[in-house]
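Shared chain: chain A. Partners: chain B in the first complex, chain C in the second.
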Partner chain A sequence: MSARSKAPASARNGLTIAVFAAVVLSMPFWLPLIGGYEALATKIVIWAIFAVGFDILLGFTGYLSFGHAAFFGTSAYTTGLMLKHVSADVLPAMGASILVTVFLAFLLGVITLRRAGIYFAILTLAFAQMFHVAALSIFQGWTGGDNGLTMSTRPELLGIPMTGLNVFYFAAAIAIVGFYIALRIRNSPFGLMLRSIKSNAMRLEYTGVYVRAYKQIGFMISAVYAGVAGSLMVIYEPYVATKFLHWSTSGEIVIMSVIGGVGTLIGPMLGATFMLYFQNVVQAFIGEQWKLVLGIIFMLVVIFMPGGFMEGLRRLRGAVTPGGASGAGADSTASARQPAE
Partner chain B sequence: MTINSVFLQLLTGLQLGAIYALIALGLTLIFGTLGVVNFAHGALYMLAAYCAVIIAGKMGFLAAIVLVPIMLFVVGIALERGLIRYFYNRPHVDQILVTFGLAIVVEEVVKWIFGANNIPFKLPAWGNGVAFLHEYIPFLEGFVVFPKWRLILVAVSLLTVFALFALLQFTRFGLIVRAGMREPEMLRFLGVDITKRFAIVFGLGALIAGIAGVFGGPITQVSPGVGMNLLVPSFLVVVIGGMGSLAGALIAALMLGMALAFTAEIASLQQIIIYLIAVVVLLGRPRGLLGKKGVME
Partner chain C sequence: MSLLEVKDVNKSFGGLAALSNINLSVDEGTVHAIIGPNGAGKSTLLNVMIGLIEADSGTVEFDGRSLSNVSPHDIIQRGIARVFQTPQIFPELSLRENVAIAGLARRDGKFKMNALQSPRRTAEVYDAAEDLLEDMGLKDLVHEEAQHLSRGDKRRLELAICLAAEPRLLLLDEPTAGMSRHDTNQTIDLLKKLAERGTTKVVIEHDMHVVFSLAERISVLAQGQIIADGAPDEVRGDPKVEEAYLGGAHL
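After this line comes the complex of A and B, so read on.
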């Protein structure tokens, strides 16, 4: 616990949100300065929403899901179909996507949350892959199979065309609200329950708490974030790729969260930014091997710095101000074996 | 359905189950002893298939059959000593993450060297062509053929399974490993150095993946993504069978293989049948068919 936690939680939250909003909203201006481009900012914000939601599950309850692509992808397909066949307005499309995601998360939660740890990771991986397979075979008529789902009309929000920066600010607003909700969840009694599940689910069960319900709700909240992100992805590039349902999408969100720092909310978003930046900007310099480099970075982080970038930052701060930051004693030994990156 | 088609589907199911069984056996063996879920197990299969293509091309197929499993055994032991053992005391999530990262790295390295596409795997002359089954089996009517290589795969899988069970059942090493799967603490108290033996178990799992790669490669594919594509159904096999249960994995592999073979005519059902079976089994028996209470709670 750092000394700063003595300040009231609400005041700290307000400051965090303000800084976060400023950074996010100004992204189209600062991102091009470091080699990015405007459209990349939109993608980063969308994945950041996905990452925050993923952290509510992995970071708080400690459940590693390898199946969040199911929510991201199903929601994307729902949005695509709604935009194509019902209305070009994004609101009904997003509403429908969220409903579908909640329903799906309920079903998958009932099946997969029976077990924890390794079992849970495998089960989510397998059942998410079922949706990918089903989209390519049974629902081929709806999803367009391997070709993906293309839309002819541009989506709009209450008459405003969703193009360029409009999409960005729409997504950014949702990201800020989503981050705020996540912060509130973390400080709420419900968030405490989720984190108690991570530290000792059995003890929690013995105190008379119905753990399954908390897990289920946490899982569903996390899924809704993934669904919103999937929906926004389709609004951003009016196209649904089958890759959205593939396990590699689940893998990407896992990599982002872990690289950034699980359980910190900010970390996974940082990881999302890093990964997309790497994928789109750094790739230009190192070519096709960017995935290999990313895989190696991921392994190094898992092996030497399980807390991700956020742990790295903490160690750096501990090293720069010896004795200043609390827990510097523990940090100094840790920073000694910090890998050179 | 005629007796011929039923027979052929049984054979196809056996062959499909054989590949799953080989991969799942390694997975569940490593899981049962070391408590580690190896997300890189598919990558080991893929690596074995690539090695087999290269060695078979340069030194002949028989050399590949001998060398590749040995190579994979060495790779497995190196992996356990160099990486996995540092993760025994870390959370399970970390073990999944590090093996997942490893799978990505191996896949990307192979993609870098050999390209992303499927490379051809030529069968040896003695394994090519089809077997005329009606000449050997009296109750078949008319003309029944089946690819020879697939029969060989089934035979090799059966041999591997028997060898593994014999090793675990009838040797001192097997006795210690089986005891270690049940009560690793107690074994340590008794002064048995189980970590050394568990390293061998990891190598053994990799060796089985090596056998699967040599004989399965010509049937599945030899592409960087093949490992991960096989890993998902193999995980299902392990989970349906009950994690850490070798017999369970065999039953589940056979079950899924048969399910795939007998739904071949309904393509859309075939795609998701294995997941449907998994849902049904897990709703009824959350620990899997032969899963024991207390394993991985």
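After this line comes the complex of A and C, so read on.
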């Protein structure tokens, strides 16, 4: 029974990855057609990596972190310092950044995952802000304080200069692999455990599962995505801004996730694309009031489409194909079936 | 042979003695019912057994090993499962996923880093989950989200989750609470069928119809103390029990 129902699921994943890769890799060609530019494509891909990783924590496990800037920013500084002082090659810089992120995520996870809900959000926010303050004060000598960390050398990958489209394809390849890994996680026993933490952590514990361990590892995986994104950000633009550690960076990834559709993996990436496109392209047409318009769009989505853009797409598909397009495998947050009493 | 030993357990909440000097022995392969009026301490006792509440003094031993200072998931991994008074299920997940979680906990232990494991490697667990759901009469609903089930079906699902873990001891806290007579009888049949598997069961129950249909041994709890303990026929005739439990009415 399940052997039969599983085969189409993996085939669907293969198709999803193929379409995703095609859309991402062709972005430098189609984005300029709608007013974007090459460098924006790179930025979108980097934030998409951040968003997919964030969804593993928020979407699967149900933990809202307001402190992912700590991972994004610390990793960015590590990459910057490595590129500046050790080697202009990006591989040792990224390797070191990932190690630092894993270590940091382990520590923060042990401390913050003791609490859930709003307390977890506040704890993560507080820790991330501590990092921001530390970067501006005691570590000012390393981080450059308010001025940020500037580099004179251009990063390279095994002798290839990391400029323009090279950075884009490097980041795009990582994004495709990252999305593939996230899909594998979703379909794995591990992913099922994360989703059941969100659903009923108490039942899970009383089913013989070490909930803390799964939360901790899920948190760390999510942090590594943020760290990789932070590192790529510095490779893309050899400069580290203090904003990378600021709470507004944490807030931005939350808004991207919510507006795109929490728990769908693709949704948060759509959200990231929309936000960056809006901030960089649409903004020019609207003028000074663009933030107000963005706020209104966010409100409308949250009120009328709580499932984000992905819910909108599902509704659209349901309206186009008569009888609805509800597959058994689809996340059915949108379908409001009547409980059978 | 005794599978579960409760020895001299005391527990009080802010001066109120919920359990005083409880001694209880559950024999392997039996159905042991714990009955008593509201507030007698039945649920507290069950919670102590499973580590949800820590006793002030006394010990609980399962299969000869103490359960004190053992975390809940480790207690479960030793072979105990618990059905709660309000069904505890995973509302947003499908029925087959609900049951597969327990199957995976059984297969992989309390933690396993299998984040990239292919769905093919878990097909067996899902197949077993569907078979179990079929036994429970939930075959047609395996792909439904658990939150859409009726209350009776939710209980049945929770029972399936517990059974997928293949426990040696199953603790049931009022498995028929809030059920219609029809659903109650169905649950009794189900539990009787399970008796054939040889799983030891501890049942807390209000409904005397259920108790006397199932139990091989009954312990009567009143005001935190065990006032009677024995075979159903012995307990039924005990005047002390009638006094405490029903204020003198006949059981």
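Miscellaneous remarks
By definition in this document, the second predicted complex is superposed on the first by the 318 of 341 C-alpha atoms of A that agree within 3 Å, B and C clash if a C-alpha of one lies under 4 Å from a C-alpha of the other, contacts with A are read in each partner's own complex, and residues count from 1 in each chain.
Here, a residue touches a chain if its C-beta (ideal position, glycine included) is under 8 Å from a C-beta of that chain, and two chains touch if they have at least 3 such contacts.
Please read these numbers as outputs of a predicted model, since none were measured by experiment.
Look at A:115: by the touch rule set out above, it reaches chain B but stays clear of chain C.
Of the two partner chains placed by superposition, A:159 touches none, neither chain B nor chain C.
Once chain A of one complex is fitted onto chain A of the other, the partner contacts of A:126 are limited to chain B, with no touch recorded for chain C. Of the two partner chains placed by the overlay, only chain C lies in contact with A:208; chain B stays clear of it. By the touch criterion defined above, A:192 lies against chain C but remains apart from chain B after alignment on the C-alpha atoms of chain A. Chain A uses no single residue to touch chain B in one structure and chain C in the other. On the chain B side of its complex with chain A, the touching residues are 31, 37, 83, 86, 90-98, 100-102, 104-105, 108-109, 111-112, 228, 232, 235-236, 238-239, 243, 267-268, 271-272, 275, 278-279, 282-283, 286, 296.
Chain A contributes residues 58, 62, 64, 111, 114-115, 117-119, 121-123, 125-127, 129-130, 133-134, 136-138, 247, 251, 254-255, 258, 288-289, 291-292, 294-296, 298-299, 302-303, 306 to its touches with chain B in the complex.
Of all residues in chain A, only 1-3, 6, 9-10, 181, 184-185, 187-193, 195-196, 198-200, 202-211, 213-214, 217, 221, 328, 332, 337-341 touch chain C in the complex they form. Residues 50, 71-73, 76-77, 81-82, 84, 88-93, 96-97, 100-102, 104-106, 108, 110-120, 122-123, 125-127, 130, 143, 145, 147-151, 153, 161, 165 of chain C are the ones that touch chain A when the two sit in their complex.
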